[in-house]
Amino acid sequence: MTTSTSPSASGTTAEVVLEADGLTKHFPVRKRGRELLSRAVRSVRAVEDVTLRLHRGRVTALVGESGSGKSTVARLLAQLYPRTSGAIRLHGEPVDTKGGKRFRAYSKRVQMIFQDPFASLNPVHTVRYHLTRALKIHGNAGTNAAEQEQALVDLLTRVQLTPPERYIDKFPHELSGGQRQRVAIARALGADPEVLLADEPVSMLDVSIRLGVLNLLRDLKERLHLAILYITHDIASARYFADETFVMYAGGIVEGGDSETVTQRPAHPYTQLLIDSAPDPDRPAAEVKDGGTGEPPSLITPPSGCRFHPRCPHAMKVCPEKAPPRFAIGDDGAAAGAAGAVGDGAHFAACWLYGDLSDADRVKLRREDGR
Amino acid sequence: MSYLLKRIAFYLFTAWAAITINFFIPRVIPGDPVQALITRSRGQMTSEAVQSLYVLFGLDKDESLLEQYFTYLGQLLSGDLGLSFTYFPSPVSQVIGDGLPWTLGLVGITTVLGFVIGTALGTGIGWRRGSWADALIPITTFVSSIPYFWLGLIAIALLTGPDSFFPASGAYDNGLVPNPDPEFIGSVIRHGILPAFTILISSMAGWILSMRNMMVTVASEDYVTVAHAKGLTDRRVMLSYAARNALLPNVSGFALSLGFIVGGTLLVEIVFSYPGLGLQLFQAVGAKDYPLMQGIFLIITLSVLLANFLADVAYLALDPRTRREG
Amino acid sequence: MSDAVLEVRGLNVDYGLGDEAVHAVRDVDLTLHRGEVLGLAGESGSGKSTLAYGLTRLLPPPGVISGGEVLYHRDGGEPVDVLRMSHAELRAFRWAETAIVFQGAMNSLNPVHRVSTQLTDVIKAHDPRSTPAARLARARELLGLVGIAGDRLDSYPHQLSGGMRQRVMIGMALALEPKVVIMDEPTTALDVVVQRQILRQLVELRERLGFSVVFITHDLSLLVEFSDRIAIMYGGRIVEEATSGELYRNPKHPYSHGLLNSFPALRGPKRELTGIPGSPPDLRGMPPGCSFHPRCPHAMERCGVEVPVLGVPHDHVGPDRTVACWLHPVHDNGS
Amino acid sequence: MTVVPSTAASTPAAAPVKRRRLRFVANPKATVGLVLLGFFALIALIGPWIAPYDPSARSSDLLQPPSAAHWFGTTHLGQDIFSQVVVGTQSVIVVGFVAGIVATVLSVLVGVTSGYLGGAGSEVLSALSNVFLVLPALPLMIIITSTLPETGTLTIALLIGFTSWAWGARVLRAQTLSLRGRDYVEAARATGEKTWRIILFEILPNLTAVIASGFVGTVIFAVTLEITLAFIGVGAGSGWNWGTVLYWAQSQQALGQGAWWWFVPAGLAIALLGTALSLVNFGIDEFVSPRLRGGGKTSVKTADGHTVRMRVGFTPVLASTPVGKTPPKVGAGANGKAES
Amino acid sequence: TNPGTNSSNTEGVLNVGMPNGPQTENNNPFLNSSAASSLGYRRLLFEPLAMVNEVNPTEKPKPWLATEWTWADNYTKLSLTIRDGVTWSDGKPLTAEDVAFTFQLLKANPGLNIDSVPYDQVSSSGTKVDVVFPRSQFVNQKKILEQLIVPKHIWSTIASPTTETVKTPVGSGPYTLKSFTPQTVTLAVRDSYWQELPKVKEVRYTSYSDNNAQTTALATGAAEWSFVFIPNYEAVYTSKDPEHYKLWFPPVLGIHGLWFNTKVTPWDNPALRRAVNMVINRDDIFTQGEAGYFYPKVDHITGIPLPAGASYIAPEFKDKTVKVDVEGAKKELTAAGFTFDGDKLKDPSGQPVTLKMTVPSGWSDYVTNLEIIKDNVSQIGIEATVDLPNADAWTKALDTGDFQAALHWTNNGPTPYDIYENIMNGALYKPIGEGGINGNYGRYENPEATAALNDFANAPDEATRTAAMHKLQQIHVRDMPVAITSAANAGGQYSTKNWIGWPDEANPYAPAQPTLENALDVVMHLKPAA
């Protein structure tokens, strides 16, 4: 494997590789009981109007509550699910493939690492099979056995499964979770993609192994200029490894921007709740504020307007009425721009707190506590 | 189209397809009911006499197969199964009515019993995996592999006789007329014991094995460990936690086996001269009795479909997860 | 120690028998004090779950306890050895004295029974004379304790979210007001918001009811924040034990050290993460001596030969702590 | 980076595979089953040569009980029953395996395709297998065999094969449906695998257990069906099989005549073959599902000599003394009392 | 103990059994498919005009409902005198009108006219009934006289007699239907009857599902009268109670034999057929295939069963029986141009002679017989095979002539005519490949034989008939289209434990089969044992 196959290694880091615009996904729900006779179609609104850009040589983190649609976004971007609406553009070209040749061409450029390394490796195949297939399909296996072997060894070395001979002929069940996760990463790399969609690639690992995998991802980003989507529950790791961080809540992106900014100065009430809830040994326990309770919303009948409003301590009259657009946030954490006009990489939040509102709209729905 | 309608359409389609196949297959056989009648009884008949039989059975009309098919469908829709050839001119519905209760009674009850006993034994053996109870498994395997007609014949040879409590054939004593008096019922039970036992022995083994395997599988589920951790009694863990969950696949298997009651145990009826539907079907097939065959096939088809439906329902009732939304 | 509820002495747990046996837990000594949260951390596969299940003899085959004692101190009574109980005694002991919250909540609840059934049957098993109405009321109360509305009693497990199921399990664990609650990675599958909600409730309940908790997790930040004391396991042994503050600020064992340098912090300046080189040991072929020595940056000759003893390091001053590392020679027992 | 020669790297591959195979044979049940099955297969192969007599040849020893000359006795025509059973093995084995193979191939084709593809095609295939499931097997076989002028062994085998695939197809379809959603199938798709490769290399290998036990099940079913058919005089054909032997015994009322030797050997042979197949099936089940694996010991000896059963929920305690300490004086028999 | 069998002693019950499977309530006496016919109890409910004893066909029929009958105009006109004082079971008197009505019913409903008797004009007056036929009914006499008579007042109200199941049969016989179950039909004796009432007060017809069950019932005494094939009957049946368990299987004028397809070489060569006929071991067939009783041995060269057909035998064939004669057969063959190549027989064209015999796969006695024949013919160098298609394919093969040789039967009748008619009638001839006939499966074509058959059936005088019969015998012996091995039977198994008076060798007053017309006569003869 050589690095020369990847496009101009020195290009601007801001080049957009993969772009999602207004991505929406609804899953139809099986009916039950009396509903069998009704005509109403119910669906899980798993992803609603998500706009997202992945840049060359940058890691974009996606954090958020579980079930908020992070994996679904990744699968949509990998074209594994048909989307309900919205557009996906690869280098500005709209893509819409259902399978066949065009899908394979797409999959060569956009690869996904699945959330669960225990499930995403076929138990009946060896590491060698998994990796050889990835190489062969995308023509990276070389022309003879020796070249193929070399490519395999390269891949394994790259994910630090060394010495490669020790792992190459193992079955998944003979590997530890961390090793599996690295095989899954190696498989994705075997296609020599431009975009890597990594869905919680380290969730199952203990901290020391986790660190190794994350360092690998950073290394890939830096050496091969991959665009990486990094989905995680571990916000601290997003801070460390991602250039940009987006926060999802109930199917929508509620905040985004530079990782350091988002994690240190969260603007959206949900992000604030999330950051506050994250365990942090450096923080005296007394400092932890009560982040509010309440269940995650149903995605079948989501709350109207801003989906966070039933749990939001700052909810205002406008919140249940209109879904908030993205508002740019200034460096001091105050409102800084008009809705929708958010520059690439700039900090934004989809929350009326930062919008231009009439006083009537600003009427609080409940007594503000704490903050 | 809603889910329910889809389901119904699916059942209707299957029923129609099966009925159609059941209609055509017997008719592509060489020979016809009259020839079969003569051959079977080594009957003696002049050529003119043969013709009179064709007239009698209504087979002299030159109807194309397709016409016959539509006539048949039309009759079926109006609930008319036609007249049997073997028992001409008895209506097929009457012939089936004579046999069905016996089949349902003998095979139905034993199927249910076999399931219940087998499942109970399987539960116990599976729960005590590793104890002496496991030694039962090879025995059960062997017993379940014995063809039950063979078992029946051996039973007849060994256990029946002039002075035996067990009669060798029939469903009740000759001369008794079916009515709910104790003598008749006692006689029915006496006649049922041996055939029931052969079915029971060979059907039970299967349930024991599958239940045992499911028990072993389920016993290592986390929730069973939790149940132990909760300090519940062994009985409660076994029944309410392990067996309750292990039962699920068995139940759908059971529902499907209900569908095979009619078609499945033909040989028991043959061996024990039990006047059930299986025996009738066997005779109908030999006699090319299309109407009777179709009638019995219809019963079988419907009962299998019904059983399928029951399996669906049972699953829905027993496994709350299938009632899940999204 | 007077306020111990659970004392583990020399516990050895194997998977399998004879030569094939995997020694998953070796010579573990551990004391759980009344009302404390004892965190258990360590590499994946280091034997944390095995230890937890071994304590209550819930290990599935082929697990066997090959030696040791688990002494439970009843209120005011003589300590009893859990490992010597008959099945009936064990049944009575379980849940009433020690309850367990298992790793996966989805699998811990029987999918075919309602939540109410699963809550009440444990009460019924231990108090057969209680009335159904009383049991149901208690079940409702338990759900309330963990912040779930009473109308969820009639739900089936699959109708609850992961967080709710986890909370049901916690509620269930408290049903008989046990003295010890063992929790094996109870929040791994949950997002931080839900995780914090659950732990907050647990802390409150512990303050009210005064039970002790053994808390197992990979999430060191969480552990440090939440537990009173932390024990670190490596290769089936406990390699270090200290109060959480002590351990966080001043880990003594090189492995603990490495662990604490492997996780990023959410707040404060970004610090360098060094991680631990090498890969975890294979339980079947444990290195001789200190099982960490092949990966240890400070390994000495002795480390590859002799197993270090867990004990109070003699250079140590301050509250109780023990470590098993030749870098920190221990005091003789009791001296 | 040095190029690692592929030969060197591929040698360790043999290790896990071998381990798996051995595990299957290590299962005592499966071993017994395989040995029995091998025995029957051998007889099927060499039966016609080792049979002491022509199974149809008449002799003057009419209806003789077993003797040195006729191990299983003779029929009413003086035919040697031992020879009939031995020669008949071939037909039974051929029918079993040919039907098993045909039905398995069909059920895989229909079940897996309909499970993986989804959409209208899948519905049609599923309906097809349901229709075949609804058709009553035995009566249908009786009818179909009478359509054919001659019903040789192979015809019967093919017929059984073609009519008995539906059950397997249904099971496979359900399995495939659940496998289809697995992450590794999705992952293969995301890697860019073609559909046929996904079906063949990702899904099928994971169905091996189901397919194999389906195959064994069909073999049992086919054997029983053939024998049943022969027994009731349908499709007895001109060849010998165990069913034909039983048919003759039955039509000559062997049991009534006290000629038990006419009945017993064939019946026991069927039961033995069935047992062999079920045992192999056990092996497959346990081989594939680790939870059923009975290979390990199920009871252990404690330090004080008691035998304790390994069971879920009550981990056996071999010795409850902290290492290096003297045992307390508590009665040692109290723990680990087996309950069952 | 079995209460079912015990009670029969005390209550005057006779237990009849038939191996016919479960029945459906259907008492139509005209239809062979009804339970009444299948089990035979129609014979006790309804009565014929006269009883013909098939065992001794030359015996004059016994008057029953008709006291007298006369044939006129070369058997084209029948005049009957109907018995007086006979009543139906509903009390109405039986009159000549009822008899006439029955014939008219048959004429109007070809479906009911199972014997296809061509009734033309039927008239009645007083006690007289006159029936006119379009052609001679010499060979149909028995069928007409045995016709069961039904009451006009009931049947004239039945709209569709062919699809009538007659739930409450009204007949003139001594019994009425007491109860019907698919397993057992019970008849009870009437209060009054034109003859002395039978001693049997109740008759139970039980239908067993197959021969095995029936045999077991006979062996245990549960059935006292039946007609069933029992292999090794001594071991299975009579030995259980040698004193009482009896069977009597007299031959009647119908046969079973090996039919050759006379249009297939080399079997178109009569010499070859004769040779085969000479080597067939009829004793083995009788003792091994037919269990020593079922189809009695026929070893007369003409194929006519004896003694039933003794009076018809041509003088030149008197006492001419066939014995296994391998040398004779070989001589016959070499004379006809066949050669032996070592053991193998070659036909005149040099082809080896093989014989493929077919029989339905489930017919154990036939299969056994063929196995024996296969063995036998190997002695004259013929390599024979036994082919076992299923019954339908076999029927079709015979129908279309697609076979070499097959075991089959002929019709039986009061004279050997029916046998020869079935085998040699040119009117039944169809070329190979065509079917739709019921007889002459061997495609035998001989105008001489056809003419002789016509002569016998239609001749106005006895002399012509005798000549024709002798002619037929000569043709048969010469051409041997069927190697006849066995006779049809009219026998039965019965037990003398409770009832005596059964027909037997010593007193052959009727066939012993419970479903034949004479069953009523047999029941009338029964008396309680001691």
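Chains here go by letter, A, B, C, D and E, matching the order in which they are written, and residues are numbered from 1 within each.
Operating definition for what follows: a residue touches a chain if its C-beta (ideal position, glycine included) is under 8 Å from a C-beta of that chain, and two chains touch if they have at least 3 such contacts.
Note that the structure is predicted; figures quoted are calculated from it, not measured.
Asker: Which contact partners do chain C and chain D have in common?
Answerer: Both-contact set = A, B.
Asker: Going by average Cα coordinates, which chain is farthest removed from chain C?
Answerer: Relative to chain C, the chain whose C-alpha centre sits farthest away is E.
Asker: Considering B-E alongside A-D, which chain pair is linked by more C-beta pairs in contact?
Answerer: Of the two interfaces, A-D and B-E, more C-beta pairs touch across B-E.
Asker: Using the average of all C-alpha atoms in each chain as its centre, how far is it in Å between chain A and chain E?
Answerer: Using C-alpha averages as centres, the distance is 91 Å.
Asker: Which integer distance in Å separates the CA centroid of chain A from that of chain B?
Answerer: 56
Asker: Could you tell me the distance, in whole angstrom, between the mean C-alpha positions of chain B and chain D?
Answerer: The mean C-alpha positions of chain B and chain D differ by 24 Å.
Asker: Can you pull out the residues of chain C that are in contact with at least two other chains?
Answerer: Residue numbers touching two or more other chains: 58, 60, 87, 90.
Asker: Two-or-more-chain contact residues of chain E, please, as numbers and ranges.
Answerer: 216, 219, 391-393
Asker: At least two other chains touched by the same residue of chain A: list those residues.
Answerer: As it turns out, chain A has no residue touching two or more other chains.
Asker: What does chain D use to touch chain E in their complex?
Answerer: 56, 58, 62-63, 76-77, 145-146, 148-151, 232-238, 247-248, 250-253, 256-258
Asker: Which residues of chain D touch chain A in the complex?
Answerer: 1, 3-6, 8-10, 12-13, 15-16, 182-195, 201-202, 205-206, 208
Asker: Help me check something: in the complex, which residues belonging to chain B touch chain D?
Answerer: 10, 13-15, 17-18, 21-22, 25-26, 28-30, 128-131, 133-134, 138, 141-142, 144-147, 149-150, 153-154, 156-157, 209, 213, 216-217, 219-220, 224-225, 227-229, 234, 237, 259-260, 262-264, 266-267, 270, 281-282, 285, 293, 296-297, 300-301, 304-305, 308
Asker: Flag every residue of chain D that touches chain C in the complex, lowest number first.
Answerer: 296-298, 300, 310-325, 328, 330, 334-335, 337, 339
Asker: Can you list the residues on chain A that touch chain D in the complex?
Answerer: Against chain D, the touching part of chain A is residues 75, 78, 80, 99, 103-104, 107-108, 111-112, 114-116, 119-126, 128, 133-134, 137-138, 145-146, 148-150, 153-154, 157, 164-165, 168-171, 174, 184, 187-188, 190-191.
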